[in-house]
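Two complexes are shown next, each including subunit A; its partner changes from subunit B in the first to subunit C in the second.
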Partner chain A sequence: MSIATELAPAPGRRVGLMQRVVNHRADYLYVLPALAVMMIVIAYPVYYTLELSLFKTPANLQMKDKVYVGLDNYVTILTSQSFRDVTVNTLIWTISSTLISFLLGLCAALALHREFAGRGVLRAVLLVPYVVSAVAASYVWKWLYHSDFGVIGALSVQFGFTDRPINFLDNLYTVLPSLIVVNIWREFSFAMIMLMAGLQTVPDQLLRAAQVDGANTWQRFWHVTFPHLKGVSMVTLLLLMVANFNSFIIPWVMTGGGPAGASDIWITQIYQLAFGRQRWGLASAYAVILFVVLMTLGYFYVKALTRGDEARA
Partner chain B sequence: MTSTLADTSRSAARKPIDWWRWSGRVFLLFLLIFTVLPMAWMVLTSLKSQFAAMQYPPQWWPAEPTLENYRKLLDPSNSVGHEFLQYFWNSLYVSVATTILGVVVAVPAAYAFSRFRFPGRTFLFFAVLVRNMFPAVVFLMPLFLLMRRLGLVGTHTSLILTYLTFGLPLSIWLLKGFYDNIPIQLEQAARIDGATRFQAFYMIVLPLSSPGIIATSIFSFIGAWNEYVYAVTFLNNKDKLTLPVGIQRYFTEFATDWPGLMAATFLMSVPVVVLFLVLQKYFVRALTEGAVKS
Partner chain C sequence: MKNSRNRAAEAGRQSRRQVLTSSVALALAASMMSTAVHAQSVDISKWSPEYVRSIAGTEEVNTAAECSKVVPLDYKGRLTYWYTGPSDAEPEITKQMDKEFWVAWKATYPNIQTDAQNINYNDLLDKFRTALLGNAGPMVVRLQILGGVEFAAKGYLQELKPEDVGYKTADFWPGALKSVTYDGKTYGIPTNNETMAFIWNAKIFKDAGLDGDKPPATWDEVVKDSKQIHDKLGIAGYGLVAKQNAGNTPFRFMPQLWAYGGAALDEADPAPTYKNIGLNSPGAKAALQAAYDMYVRDKSVPVSALTNTQNENQGPFIAGQLAMMIAHPAEYAKMVDLASKATGADKKVADAVVANMRYGLIPEGPARRAVVFGGSNIHVLKPEYVDGGTDEMAVKALICMWTSPEWSTRLNWVGSNPGNLRGFKTKWMKERLEQIKFLDVTTSMLPNGIPFPVVPEAPEIMNIIVPDMLQNALTGKMTVDAAADDAAAKVKALLGGL
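Moving on to the complex of A and B:
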């Protein structure tokens, strides 16, 4: 079942919407429990966030005392210096995590495509960081980066890169790249798995035909394999981008956005505003801005999905 | 003369080195090291005493390996162990409840989305999308107020309810994919033989869709086990914490017991990694199906 056909109007005779709803009334019984829960926990919060973003909220969270302030919260956020700094961090974090994870995943998928002994085991081992909790990963890496006893610092001294251990997480310039490495460690195998699935859709005959025609390995990849991966690549890149844009645990657990906001991204900023400083109106406005950005990404996600369907059909 | 002949025939017989293949192998080796080293260091650290772990340069291999850290965590008479086992149990309870309830609600819904053509079916697609797109932090504020109004803040029920809801769209989506692949003729044959619609579903479709149910269950279990944002916000009572939150208690700014923390993260990872390794096939299928196929 493709999304394209699902979104298209049902074929056959045209019946009024009410009539169709009545005709299918028994069917709704199956989905009612699921729909009811989803409405409460998804639709209501979205509405409530929109509402709160227009109010100044009291610190004690007695929402009946909130004061309507119009778009003030938005103005406050968009004109602040910290918003600009945090946005730059968010862009660096999202774009570099996404691109590097995707490239590592793509190379891994290509290298793993050919059958060899131990391939299944290798794939499983590479996937383990993706399965393990991000909290566990954050603590392990925090220990690896430890300023005095961290193994990475000790190794870089051992190999002569530096003369004393670097304090990766307390340095304004190294903190964000250090966190990005952790993020990539966790998620490159997601891209790998998606692209391995995509590689299976590349017809063997085409590759062989290209080989007969004298195409070398690179040409076979670029002209045969890669065009077939376009749909999967788009979806993978967008999913990674959304996940990275939304990631919270790694920066929150490892640095809490510090030092001096050098690893603060939008999500940690929103959490800090809401649950650290109890400024829920501001935090909601921030969340709405995030909504808008994600909706834009979501639009492209749907487009990528449906275009893939048309190509397959 | 003869020697040149031998040379040419040998070089013709020798296959040219496939550089692409070799660079692929080297790359995989690099990725393997990148992936495994942090985990290996976690395990090695967990086998050291606190004194042995805090040395510079580090002991690459524990000089006196000890299981003391693990013994402490798993000993209920010890205060650390008592807490840890409590957190472990809390995590298990929340994850198992989420998984079971999720399957119970998702199975009929997925079946309906796959078989019936009622108005509003596309809603599911958008629910999956919303769930994939929006971060927990955005839902956190209104949900926190909602839970407070319902008097559920600090309870495991608040977490189960939240995980259930956020897992549902994806679970339904995955299961629907499996139901779409089960030919409807099987049910029709059962109906002709006199089975009711429910019997046909229960006796024919449900057993055939068990791989889908397993895949969905692993997904929701791992998701619930690893969840941090809601747990850290909703739970305020020390006894109720789940593992990802509870583990923070080993971490204080001045005296972090690193070997103890590493042992705890190791034990925390064991259930999901074992589950993943045993049921890998289903996990990978769910992962790709949830995002690629539609």
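Moving on to the complex of A and C:
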């Protein structure tokens, strides 16, 4: 018999919070080390970021001499044109990357779910972008895209598609789509792995039964396979979205947010404000806004993860 | 016996030299009027390529003996030091000199336990700022010339002047000392001073119908020649760089902006107050217009200029695909290095480029000839911001050696000039002048040097606002006028306390 059971109150009697803590003191002791670490590495930085977001940090003052400005930083950000521009970029970046990566990952997972010669090799090849260092991949793509001497531009001229190399990265309108392609190339295999795992849970007998009932391929996918993938799809989409909101390496290494801010997204803007301009207060306010968005996504992620548990309970 | 072509080339060289000398003399005269000249260790009133050559090798130095007067050689202590040393992209000689310094340091002060970190140019400031937030900085840091004032203004740095480590104020360029002076106090010692020069490929000039031995004399000519080269040969003329958040950009654009009479603040004035904003002045707009004309109108510069730093210009230049650029004296060594690594047909092209590589003065504009007075300074942190406190004697020993005539010359072998003016008199300077082609040209640009504004906001103005202004204009996001006005407004807001 467990301690908790031994100390359980009589049915119908309300138990106070403190009493419950006391009743479960052993459980709390077990999680205390993890809680302590989380307080240090997560809770304190979150608190400090919140605090810092209420201050200005001029270039001639040390951090300890920062000036309290209340919510001014939030007002400055939310009313600035650059915030609107960066937010539009961030949404385009996140939604495009997430949806296209997911769809490509789904196609790849469905293709690789069937038995065929060379499946193992192909699966390994498709995983390569995901395991390659993001920094290295960014440099490689930067050179592939290079506006004067890039391989892609040279090939397009050689094959007569264009009369001069395509300007991928030095143009206001092509830079963001070009970076999104790189991002999708890197992360679609993550979606593929997740969905391949999900496909293992689809019962064969259901698919066979549907086939016997005369369902065609699309109907079997839509009515049998996809419903079984809903949970894992939700989790995959949320994880991709969080990763893309936080994605820093590709835009930073390839363009630094340029040209003229055309590939600036929230996270590069935060980095630039903090480390380029030393506007720690403004950067913190930006980070808090991003934190709220990500926490909202996190809430849905947890809901998606625990949906089955609730149903079972 | 010389043929007529050689004689013509010789005559061209002589006339270039005369122009060079007279330009240097004029620029120096102008700078003399505004600079209080102390009894310098060298006579900077005579500064010219000939004078630099004449004093080289005239003074014997014994670094260990000089530094032993400041800190005994058997001193036992501990030292932490951050600096930007040689990177992979730099010539072998630079890496070798860095290694030799640390060997000499260990031999001179064997009892000082040293933790020296070589940190990438673009990362050092970020890392240093972050470390200071946690009071975990190094005892000594060497920062680019633009970097120190921010930390002096914030009160992180100790006062430090040449006399503290056994040298005289007169041993250093007055302009360089200005860059370590904030609020009337000196917070560092110049380790090296550099000015860049204009580089061109004589063969490309000839192929494009230009005079291969005559670089553009003015910035307007740069625009014209760049277009002619692009139109005739289909390659990029001038190696414009306009990357965001990169020190490379202001180092190459500000000379143009100053030449047309513009400024970021009023740093080009003889007695700057740093209170006036010059980014939207007619001169600044003219310079921006010239950049716009090259990038947008003529398309005579690399399309990738918006993501390029000077490193990205090196490949096209050695491949004969770029005709002009602004760079250090080290660029020649870099090109020789690249040519030595090339193979097959590439090797032939690269060797031809090296043979046709020329250095000249940076073109002048309607207002002046100008170049960024660059370099680095060494600083000492206050003990409360140092991880484990400061060992004053160890700090002085390192700075004495690093800024000595010997090491301020050797550590800047191909890339710069000795911060300690006595370095110009050493045998190593003589050796450098013999070894490094065109060193006299870049060195002779020093009197045209203008330091960036000595205000704590300077890094943001130069590394972010100026490149942003260029990008806004070159991408067509804003008109030239609007981009300049926008940049000026940002500087105004910044100086007004954000």
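As a working rule, the second predicted complex is superposed on the first by the 266 of 313 C-alpha atoms of A that agree within 3 Å, B and C clash if a C-alpha of one lies under 4 Å from a C-alpha of the other, contacts with A are read in each partner's own complex, and residues count from 1 in each chain.
Heads up, the rule we're going with is that a contact is a pair of C-beta atoms (placed from the backbone, for glycine too) under 8 Å apart; a residue touches a chain by one contact, two chains touch by 3 or more.
Being a predicted model, the structure only gives us computed values, none of them experimental.
Engineer: Which holds for A:148: it touches subunit B only (first), subunit C only (second), both, or neither?
Structural biologist: Both: A:148 reaches subunit B and subunit C.
Engineer: Give one of first, second, both or neither to describe whether A:56 is in contact with subunit B, with subunit C, with both, or with none.
Structural biologist: second
Engineer: Under the stated touch criterion, which partner chain does A:209 make contact with: subunit B (first), subunit C (second), both, or neither?
Structural biologist: In the superposition, A:209 touches no partner, neither subunit B nor subunit C.
Engineer: Could you figure out whether subunit B or subunit C reaches more residues of subunit A?
Structural biologist: B
Engineer: May I ask you to decide whether A:277 touches subunit B, subunit C, both, or neither, giving the answer as first, second, both or neither?
Structural biologist: second
Engineer: If you stack the two complexes on chain A, which partner ends up touching A:259: first (subunit B), second (subunit C), both, or neither?
Structural biologist: A:259 sits against subunit C, while subunit B stays out of touch.
Engineer: In the superposed arrangement, does A:104 touch subunit B (first), subunit C (second), both or neither?
Structural biologist: first
Engineer: Overlap of the subunit B and subunit C footprints on subunit A, residue-wise?
Structural biologist: Dual-contact residues (subunit A): 61, 63, 146, 148-149, 165, 275.
Engineer: Which part of subunit C faces subunit A closely enough to touch in the complex?
Structural biologist: By the definition above, subunit C touches subunit A via 126, 129-130, 133, 150, 153-156, 236, 243-246, 302-307, 315-316, 321, 456-457, 460, 463-464, 468, 471-472, 474-477, 494, 497-498.
Engineer: Give every residue of subunit A touching subunit B within the complex, in rising order.
Structural biologist: 1-3, 6-7, 10, 17, 20-21, 24, 27-28, 30-31, 33-35, 37-38, 40-42, 44-46, 48-49, 52, 61, 63, 104, 107-108, 110-112, 114, 122, 124-129, 131-137, 139-141, 143-144, 146, 148-149, 151, 154, 157-158, 165, 185, 188-190, 193-194, 197-198, 217, 232, 235-236, 239, 242, 245-246, 248-249, 253, 267, 270-271, 274-275, 280, 283-284, 287, 290-291, 294-295, 297-298, 301-302, 305, 309
Engineer: Can you list the residues on subunit B that touch subunit A in the complex?
Structural biologist: 20-21, 24-25, 27-28, 31-32, 34-36, 38-39, 41-42, 45, 53-58, 105-106, 108-109, 111-114, 116-119, 121-123, 125, 127, 129-143, 145-146, 161-162, 164-166, 168-169, 172, 176, 180, 222, 225-226, 228-229, 233, 243-244, 247, 251, 258, 261-262, 265, 268-269, 272-273, 276-277, 280, 283-284, 287-288, 291-292, 294
Engineer: Subunit C touches which residues of subunit A in the complex?
Structural biologist: 56, 58-63, 142, 146-149, 165, 167, 169-172, 254-262, 272, 275-279, 282
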